[in-house]
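Accompanying notes for the structure given below.
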Amino acid sequence: MKKKISFPQMGNYYIVAKYLFEHILDAEIMTPPKITSKTIEIGSKHSPDFVCTPFKYTLGTMIESLEKGANVLFQAGGGCRYGYYSELQEEILKELGYEFTYINFVSEGENDLKKIYHYLKQIDPHFKIRKGLYYLFIASKMVKYMDKIDDYIRLNIGFEIKKNSFQNLNQKMLKEFSKARGYFHLRRIYHQYKKKFRKIEIQKPKHPLKVGIIGELYTVMEPFSNYYLEIEMARYGIEIKRYTNVHYLLFEKGKKIKKYLKYAREYIHYKMGSDAADNIARTKYLCEQKYDGIIHIKSSFCTPEIGAMPIINKICKEYDMPIIFFSFDSSTSEVGIKTRCEAFYDMIEMRKKHERLLSRN
Amino acid sequence: MKDCYLGIDIGSISTKGVIIDDHQKIIKSLYIWTEGNPKEATKRLITKLKESLEANYVIKGVGTTGSARKLIGLMLDACVVKNEITAHAIGTLSRYPSVRTILEIGGQDSKMILLNRGIITDYSMNTLCAAGTGSFLSSQAKRLGIDIQDFGKLALQSNNPVKIAARCTVFAESDLIHKAQVGYQKKDIIAGLCKSIVLNYLNNVGKGKKIVGPIVFQGGVSKNEGVVKYFEEVLKQKIIVDPDSHLMGALGIAILAKNNKRKQAYHLDLQEVSFDTVGMECNQCPNNCEILKIYKNKKLIDAWGSRCGREFTK
Amino acid sequence: MDKIKIGIPRSMYYYYYKDLWINLLKQLGFEIIISPKTNKQIMNLGNQYAYDEMCLSLKNYIGHVAYLQGKCDYILVPRIDNFGSDNQTCTNFLATFDIIHNLFEENLLNYNIDYNHHETELKGFIHLLKPFGISKKEIVTTYLEVKEKIKVQQKNEVRTNLKKLNSLNIKILIVGHPYNVYDDYIGKPIIKILKQLQTEIIYSNLFNPKIAQEESKKISKTLYWKYSKEIIGCIPRIIGKIDGIIFLSTFPCGLDSLVNELAIRKLKLPTLNLVIDDMDSLTGFETRLESFVDVVRERKKQKNEEKN
């Protein structure tokens, strides 16, 4: 039987994963079905009640993939509860009667490359390690480029003159990325598009409103799970800053965390699980940089972020920084979120106007 | 001729309308049920308000707020469309300029708005599913066989409120049923519910916030005397409940309409305008967005719900 | 000079380290103040200081810390990250120190256990106690002495727990973290009801931890939380000798939400999953426990009849 591989969704990163597997394995790689309200509905139905929402999203995607004919599922979770998802998910799916091979690349404790090699050999006996490493390198660069462009988009999308010009161009770029013939080709595409992005017309005031978005990593990175909050806020004419992305998690976090702990020394001494300590330090940074507001998002029952909340709240109070917390669950109402976003915007805009008046007098 | 301004607050349960004059005084107001049809509710509301309005007034501004604000805003060609949180703050400020804290518990949401010198400085909303909202109270009242109107009065008769677990609706409901089965008195259970709503609200929405007076309490639940009593007991402060507290959103948006008034008058002859909405699923990409198309006089004027930004009106 | 008073919150860490802490610190000349058994006042304090979304156990801990405010010179709040990467702890065990540090103004005593970064328990105590003018040698000898004593004591506890397996009554295994099971507000009321129903209660944490760690793999291969392994690890060995299992956890415990679900799916024995958020009303639990014990009893009867 021909192998058909699928994996969970998160933001646009499926493009990188698909690219990587397509080049190193002789198997059919499925584009995992896009997350819709149906996905989370199915996922919640088969998940334990009080588990965090990413479990439900990824399980939902897996069921949808299996329904579409996938017979190999990849999962790559590490850290916090993510690392333990796979064993229970496999059990749930098997009990539902699906037949498939389940492979978890990153599991706590046993993170060795030999095992991964062994898994890949299992799927494709012709798998070559050198080729694998080369494309892994390209994939890591692709992530870097995507995240860099994303940062630029977040800062400017709220000010575009022609609606959707940023999103349309991004889609085009991602399409070309997925067809890159090698590293140099990829780099060329990136530089081309970087120029194109800078040419997009924007109308940006000298001192725009600036908002930082922090929180639990999956909810921050998967726009469906945060109800497209980022773009929603940007559309009010706001510059958005967000730190968490795959590049950060894979290549920067290890180095940065020590700096973070030192920087926010008066508030934290240790890592607090997942990205909690990072977010505390970012809060202080956003306050010092005189941002206009902070939005903290997480899935319900996310323990590390819940632990960070009192500390983040304390920092914001000390700096008189407006902050709003969102806890997303499968049953969150979208209208309610939009209303809150709008009200938050009204508030920070009012504050800014008031501050300007005060400084003029 | 005198100018006046119309503010409409269209919530999921009720629709409220006020007309104010140039001095922000309410000259007409009305409160009706939405009955799941905001368009019809608005038509009824406006017809009645216009009938009662003296002939020497002309409407120079219209504002909409509440969950159906966008739809009705389009229908009426409103000059201001704003969320209910901001509208409530502005409405309340017009009556109590020195207010520092607004507590609000409505049908689905609860929130807290902090102000300083007339500027909103901070606000927060419930993050958990919150057993402490109006719709939970009314469903529990029904379960106990009590009219929601009498709920607060009954709570006031109790001296020993029963403690109810209320972090999550599932726990709260089962706890409530057990308490009733075991034989606690109805008034004590009701008082317990009222108290748990207050504690829950302060623990969730009010966590880490400094609550300073004057405090104004509004939203549907503010009509419940029991909840008011426990707020005063816990916060050890006087709580102001305005007799028009249910109209604050409409008042606020009317004030905003006044500040954005137009030169020409609104006629609002809704019977002559046809206004339709058509829902459809867009199958042009895997997002499968649910699109709502808005037609005014059979002409497509807007479409909402697209995630990718596809245009439908061209 | 008065002795230095060290406050210990009777929650979370306490249930793992009480013997070590009390013996060690007393022998080294400190006065120990332990917060009282959880009561309504402490629970209310917890609700007041803790954030609403925190799990009941952490709220409880924060309540105990709040109670100790102003009653001692220091409050002991360790940080326990891991005992190697396949022996990690719940996020709260590594975050609580910083949470407490930000919520309260009290002086805290803190040591860190992080085997991945070579921070061992003994090293932690040396760092902690040296500033009080106690020599390294004294700390090490006292520590080893106390550890030896505790080992013997634990062996006895395990023995008594094992003996209960021979009882002729209905035998129920309680699977839950000790800070929940033995807490006077969370687990004790449940135990009391079970005892009234004439059942023999076996505690999941009173088994040899090394064996439990190994055995837990039979239920979950990839489990990397130390405390979860040690409470489910007893199941494979004793499953033939018990009649039912109650999983006791607090709302919304992250580890238990996954581990218990997996265990329940795999076990072919009557199980009851109790998630506790508020214990002011016991009536709901009475009904559920009673019917559970009825099911277990009925099943045992049938089995015995089949045998004869």
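As written, the chain order gives the labels A, B and C, with residue 1 at the start of each chain.
FYI, a residue touches a chain if its C-beta (ideal position, glycine included) is under 8 Å from a C-beta of that chain, and two chains touch if they have at least 3 such contacts.
Because the structure is predicted, anything quoted here is derived from the model rather than measured.
Enquirer: Between chain pairs A-B and B-C, which one is joined by a greater number of C-beta pairs in contact?
Expert: A-B
Enquirer: Taking mean CA positions as centres, which chain lies farthest from subunit B?
Expert: C
Enquirer: Could you grab the centroid distance between subunit A and subunit C? Build each centroid from C-alpha atoms only and quote it in angstrom.
Expert: The computed centroid separation for subunit A versus subunit C comes out at 35 Å.
Enquirer: What is the distance in Å between the mean C-alpha positions of subunit A and subunit B?
Expert: So the centroids are 34 Å from each other.
Enquirer: Roughly how far is subunit B from subunit C, going centre to centre by Cα mean, in whole Å?
Expert: Chain centroid spacing, subunit B to subunit C, equals 45 Å.
Enquirer: On subunit A, where are the residues touching two or more other chains?
Expert: In subunit A, the residues touching two or more other chains are 300, 310, 314, 327.
Enquirer: Mind pulling the subunit C residues that touch 2 or more other chains?
Expert: 51, 53, 251
Enquirer: Residues of subunit B touching 2+ other chains?
Expert: If we look for residues of subunit B contacting two or more partner chains, we find 127-128, 207-208.
Enquirer: Residues of subunit C touching subunit A in their complex?
Expert: Subunit C residues touching subunit A: 51, 53-55, 58, 79, 81, 84-86, 88, 90-92, 94-99, 101-103, 110, 112, 220-225, 251-255, 257-259, 261-262, 265-266, 275.
Enquirer: Can you name the residues of subunit B that touch subunit A in the complex?
Expert: Of all residues in subunit B, those touching subunit A are 67, 82-86, 108-109, 119-125, 127-129, 207-208, 286-288, 307-309, 311.
Enquirer: Quick one: which bits of subunit C touch subunit B in the complex? Just the residue numbers, please.
Expert: Against subunit B, subunit C makes touches at 47-48, 51-53, 251, 277-278, 280-281, 283-284, 287.
Enquirer: Using the touch definition up top, name the residues of subunit A that touch subunit B in the complex.
Expert: Contact set of subunit A toward subunit B: 33-34, 36, 163-164, 167-168, 228, 300, 310, 313-314, 317, 320, 322, 324-327, 329, 331, 333, 335-336, 339-340, 342-344, 346-347, 350-351, 354.
Enquirer: Under the definition above, what is the set of subunit A residues touching subunit C in their complex?
Expert: Those in contact with subunit C are residues 48-52, 55, 80-81, 83-88, 91-92, 95, 104, 107-110, 267-274, 276, 300-301, 303-304, 306-311, 314, 327.
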